[in-house]
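Note that chain A is present in both complexes that follow, paired respectively with chain B and with chain C.
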Partner chain A sequence: MRREARWGYILTLPFTVHLLVFFAFPFFFSLYLTFTQWDMFNAPAWIGGKNWVRLLDDRSFWSSLRNILLFALVFVPLQTILALVLAFFLNQSIRAKSFYRVIYFLPVVTPWLAGGTMWGWMMNKTYGLANYLLGLLSLPPVDWLDSKHWVLPITSVALVNVWKGVGSSMIILLAAIQGVPKDLYEASSLEGASRWSMFWHIVFPIVSPMIFLVLILSTISAFQAFDVFLVMFNAPNIVPDSKVTPNILIYKDAFLTTKMGYASAMSWALFIVIMAVTLVQKRFEKRWVHYG
Partner chain B sequence: MGNKFFFKNLIIHVLLIAGSTAMLLPFYWMVSTSLKTGANVAKLPPQWIPSPFVWSNFSEVWLKVDFARYTLNSFLIVTADIVGMLLSCSMVAFGMAMFNFKLKKFLYFGMLATLMLPFQVTMIPGYFIWTSFGALNTYYPLIVPSFLGGSFGIFLLHQFYKSTTKELYEAATIDGCGPWTVLWKIYFPLSRAVLSALAVFTFMGAWSNTIGPLLYLQDKELFTLPLGLLFLRSDVGMEQQILMAAAVIVTLPVVVVFLFAQKQFVEGIASTGLKG
Partner chain C sequence: MKSGFKLSLVSLLAISLTACGNNGDDGNGNSSSPSSSDQPPASSAAPKEMKLTIGLPGAYDVTKKEIIDGFIAKFPNIKTEIVEVPWADFATKITAEIAGGTAPDVWVQENAIVLGYGIRGVAEDLAPYIKKDLNDADYISGLYASKTPDGKVYGIPHGINPVALAYNKKMFADAGVTPPTDDWTYADMIEAAKKLTKDTNGDGKPDQYGFAISQGITQGWYPWTRSYGGQVLDDTKTKAMFTDPKSIEGIQAWSNLVKDGISPDADFLKVAGGDWKAFGAGKVAMYFMQYSNQTIINKEFADLDYDTVMMPKSMDGKRIVPIVTNSWVIFSKAKQASKDAAWEFLKYYLSAESQMVLAKSGTSIPVQKNAITELDVNTNPKNKKAFSDGIAEGGVTTDENPSWQEWRLAAQPIFADIYGQKLSPEEGAKQIQQKVQDILDQNR
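Let's turn to the complex of A and B:
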């Protein structure tokens, strides 16, 4: 072996081990497990497609997909639009830019456990600040998290997720907006264009590939939501179908009831759903994303 | 014209300040609640500024619930993760940036693939691997992977090494240094800025990590802060002021690190489009 190649292999050895042991093996092993029944103590027992058939008939699983879909539908557009507006504002020549940037970014670095604890208290039905503020506006109190119907709790958590994530999308989009050539603005402001039309006709097309990236990333993260549901609903102890997500179910089945095979099947089903959603987004990409 | 410009900026400021208030309000409410007496927590209308100030909520969490221990554990794990990440990512990125070898393409592909595959798919086999090593209820599952490199850090450092000139490497080897020495004596110190960004990212990620400790740690003495808070929450009789004091302890270190290192952090995200 050439000396150069030898050094390449030696230096990258840690990551090769990482990929083989903690990625490639788990990937194929988990696919195999979806066709087995396994409690982790005895050898996995092959049961063919039974897990998959059971999955089609599992009410909790379908509820979790329904919940996570609503969660993504509220969270992703709201976060992306807000992030875009914030990034556009922060790109203007205004004072205290970096101050705002730090504030909007603060929730991003706050651990979910702490952020969720704060919001659980903010959204407390009786003593929460949220309902108190609504009361000041003479609005009726909202049962943010404990409502029996699934739409309200899921929407509340989606809003908290926007609080947590808007800063990071904002930073990515701000970097993209800052890449828009200055003379384009100047030319259009000479022609008397308003900020709105400047945004719509100049900034948006140039930034659209980055918006697309942010959309894809936040959609994927939405479908994988775990920590936020764990902390907001005190999961995985007792979670009703109205508040459950696929990842909470996977955790529960794998580690509380040790149904490893079935949990693996769920994780693959979620993986497939995420890939399908990403492909759909990719299909619509041509309609609105402009590549230079 | 000048007036109109001022007015437009004023609207932007008003909107940005309104948004900032919404961002900060939960933090304020957490701190405020953590300093209240139990009776004042449930007061309506709510008490904006605690009166009297009660610091004992913190000592209760710190000593009785043993958050002092959890804090120490968290710092221990995070420090090990940072050391591991900086060393291993430097090695791997250097190897990929400077040398040609057949399997390099697979490593690139693997980097992308690890970013795309949901954690849950590899979670169960990963748990199985650590159980068969007898590493349940130890810190190995939380620390060892950091010493094997992570896609994000390798990517960052790889971009940096690629941007340095080939002459630098040649000049160093002509002096008779082997690649190993060149890496640690020249490139590692040279990449200080990127390394500090990676250290900040690793800190944030490891500090917030919940699922890892939840899977692998069982003894309370081994708990990290997020795990301690999770278990405190499921304690039904737990009062809000205690929970909030605990949440303050979990939040404070990351906020401090972020305020000091926000530039690296924000630029790291902006340049790669990725979260840690």
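Let's turn to the complex of A and C:
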């Protein structure tokens, strides 16, 4: 047994070392950094809780949390519902099913740089397609991305993010829906169930664990949003508070002004927020997710 | 056996962790222990069989290959290695390399960043080197763009990039407006810009503008703020001055150009491809042009008939000419011998031979006085004196200090909102003042 255990340790050693060096060490080191001032060029200087105190008073950081919260509130439910509806219909016997699946998945493999630039132009106030269409309906132009009211630009970006992300969520849910036994559809059909009843009483409960997974993953990715803002607002390092996200602030402090201590404090604060939101989601899990 | 196994495990972990850390050696045998920047160089002569690594962001698009090749040919005893990196990736790369102690011995970067390196002990103080080997009288004051209030010099200019007023001759002639002169004030410029702004297709919106204001610091809000008598930072560079009434007046004048329709808005310039393209395409009659812009304008708009005059005079008759400098920096943690080789390279870069090459390239203005007389006056803009005399008369950096990058990044989005008429100059100045002052206080 001891001999087997020894071999076990030896064979898992590369993974253990990898885990310790590239995951555990940075994790705890970044926590230590939150209590330091570190410019990356000299040894970190211990400053106690000053970074955390500054964080409480940092208007930009609180604005970024407000922005990302709205972003998540728009993006997560919208993407999940849309992905579920698409997955349900693309599981039906319809013509050119594969074609539609490819079309809906295409944005996932489109680079953000191309997709974001395209959407940026479509949402341009003066020359954009969106306002051109509104003009045809005699509606006034909307400043989708540059409005001084923060809600509008953040919502616009969240919608673009739905376009980009719905395909991957759809694939996960489609796989789950395809696992629903066909005889359940047949039996309910014989009982005269409508398509809505089939969806709500059969499909939804069975795929609910996957919906929960999609919700958790989408929420985490929403709070970590970076590239979509990076592309849609052109200059991530000079976005105003009304459009900033925590990850942009972290990037700016860590890599543009090398204030690694404060950037680490913001990273940990974001981690705490994401953990809290995930725990809240987990708490409500039993109310609607059905396992087996 | 069991304890032996544990020992092996611990040793392996220790080796792995050590490999990831900075062990004080850059892997090339270079010690990372800082050498005292107060000590003058042991010798200015290039040591025999030296190794020198030169970091070139933007490669030979930024630094002329002719200069590098000339140095390599002239100093065969210095084994020179060139590290080329795209300009956009350089900041990230160099930060990691400095942290790891593996930075090149000498490289070029934005001057404001170099000042930040200075206070963090990354950049070698070049004051003793300059004192020993250079004659001040041979150079313009721009040589000391990286000088700190306490007399340290953390960089040598790669070249000076000043701003001048560029104007489209044809548009002025067509509109019957007298072309600008070096005696123009801001009021003269605005008056002419009004006359040059036209709705040529009758759709109720201008499609030709008199002047394109920039949202950025160097060609935009900095010269406007200063020229109306205001300040951005005070003389000690520790106090923000955005809420000074004269500063607000300058910001107001700057944003009014968009408000009054004399300057195009951000969307117009975005579609046009930027201010210099709008100027090149004849959609804008004037703009504040950086010296380096000429190469790309001449390349893309070969038929454009334009010239430059000095920046307009301020309200008080003085002239503010913002200059941008990229600076060569010597890595303070390199071996002394490598530093000496790096200084040998910088001396060569500052020599008449190299500075003439720089003068003819049109990318920036050299700091050597003789070389300035060799600026190419056969290509547009022919009045290169608008730049060189501008530096002499009113050349100023954009209040660069070690936290410049940080406070500029904080101020810029608010200026963008003022430019976009989303925020009044008074309210915007208040917000900028608070943000910038916080940063200046944190960096004290």
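Just so we're on the same page, the second predicted complex is superposed on the first by the 273 of 292 C-alpha atoms of A that agree within 3 Å, B and C clash if a C-alpha of one lies under 4 Å from a C-alpha of the other, contacts with A are read in each partner's own complex, and residues count from 1 in each chain.
Rule of thumb we're sticking to: a contact is a pair of C-beta atoms (placed from the backbone, for glycine too) under 8 Å apart; a residue touches a chain by one contact, two chains touch by 3 or more.
A quick note: this is a predicted structure, and the numbers were derived from the prediction, not measured.
Using the superposition on chain A, tell me whether chain B and chain C clash or fit.
Overlaying the two structures gives a clash between chain B and chain C.
May I ask you to decide whether A:Phe255 touches chain B, chain C, both, or neither, giving the answer as first, second, both or neither?
It touches chain B and chain C both.
Between chain B (first) and chain C (second), which, if any, makes contact with A:Tyr127: first, second, both or neither?
After superposing on A, A:Tyr127 lies in contact with both chain B and chain C.
Where does A:Trp200 make contact in the superposed view: on chain B (first), on chain C (second), on both, or on neither?
neither
If you stack the two complexes on chain A, which partner ends up touching A:Phe15: first (chain B), second (chain C), both, or neither?
The answer is first: A:Phe15 touches chain B but not chain C.
Applying the document's definition of touch, where does A:Ala175 land relative to chain B and chain C: first, second, both, or neither?
A:Ala175 sits against chain B, while chain C stays out of touch.
Which partner does A:Ala263 contact after superposing on A: first (chain B), second (chain C), both, neither?
Touch partner of A:Ala263: chain B, not chain C.
Where does A:Lys148 make contact in the superposed view: on chain B (first), on chain C (second), on both, or on neither?
A:Lys148: touches chain C, not chain B.
Which chain makes contact with more of the residues of chain A, chain B or else chain C?
Per-residue touch count on chain A favours B.
What is the contact status of A:Trp288 with respect to chain B (first) and chain C (second): first, second, both, or neither?
Touch status of A:Trp288: no partner.
Between chain B (first) and chain C (second), which, if any, makes contact with A:Asn42: first, second, both or neither?
In the superposed model, A:Asn42 contacts chain C only, not chain B.
Which region of chain C runs into chain B, 75-83, 93-101 or 219-227, after the two models are superposed?
The segment of chain C occupying space taken by chain B is 93-101.
Per the definitions at the top, what is the overlap between the chain A residues touching chain B and those touching chain C?
9, 17, 21, 25, 40, 124, 127, 237, 255
Which residues of chain A touch chain C in the complex?
2, 6, 9, 13, 17, 20-21, 25, 39-42, 124-127, 146, 148, 237-241, 252, 255-258
Sort out for me which residues of chain B touch chain A in the complex.
The contact residues of chain B facing chain A are 8-9, 12-13, 15-16, 19-20, 22-27, 29-30, 33, 41-42, 44-46, 88, 91-92, 94-96, 98-104, 106-107, 110, 113-114, 116-129, 131, 145, 147-149, 154, 179, 183, 204, 207-208, 210-211, 215, 225-226, 229-230, 233-234, 240, 243-244, 246-248, 250-251, 254-255, 257-259, 262, 265-266, 269-271, 273-275.
Within the complex, which stretch of chain A touches chain B?
4-5, 7-12, 14-19, 21-27, 29-30, 33, 40, 86, 89-90, 92, 94-95, 100-115, 117-122, 124, 127, 129, 132, 163, 167-168, 171-172, 174-175, 195, 210, 213-214, 217, 220, 224, 226-227, 230-231, 234, 237, 246-247, 250-251, 254-255, 260, 263-264, 267-268, 270-271, 274
In the complex formed with chain A, which residues of chain C make contact?
The contact residues of chain C facing chain A are 2, 5, 9, 12-13, 16-17, 20, 91-92, 95, 98-99, 117, 120-122, 265-268, 270-271, 403, 405-406, 409, 412-414, 416-417, 420, 422-423.
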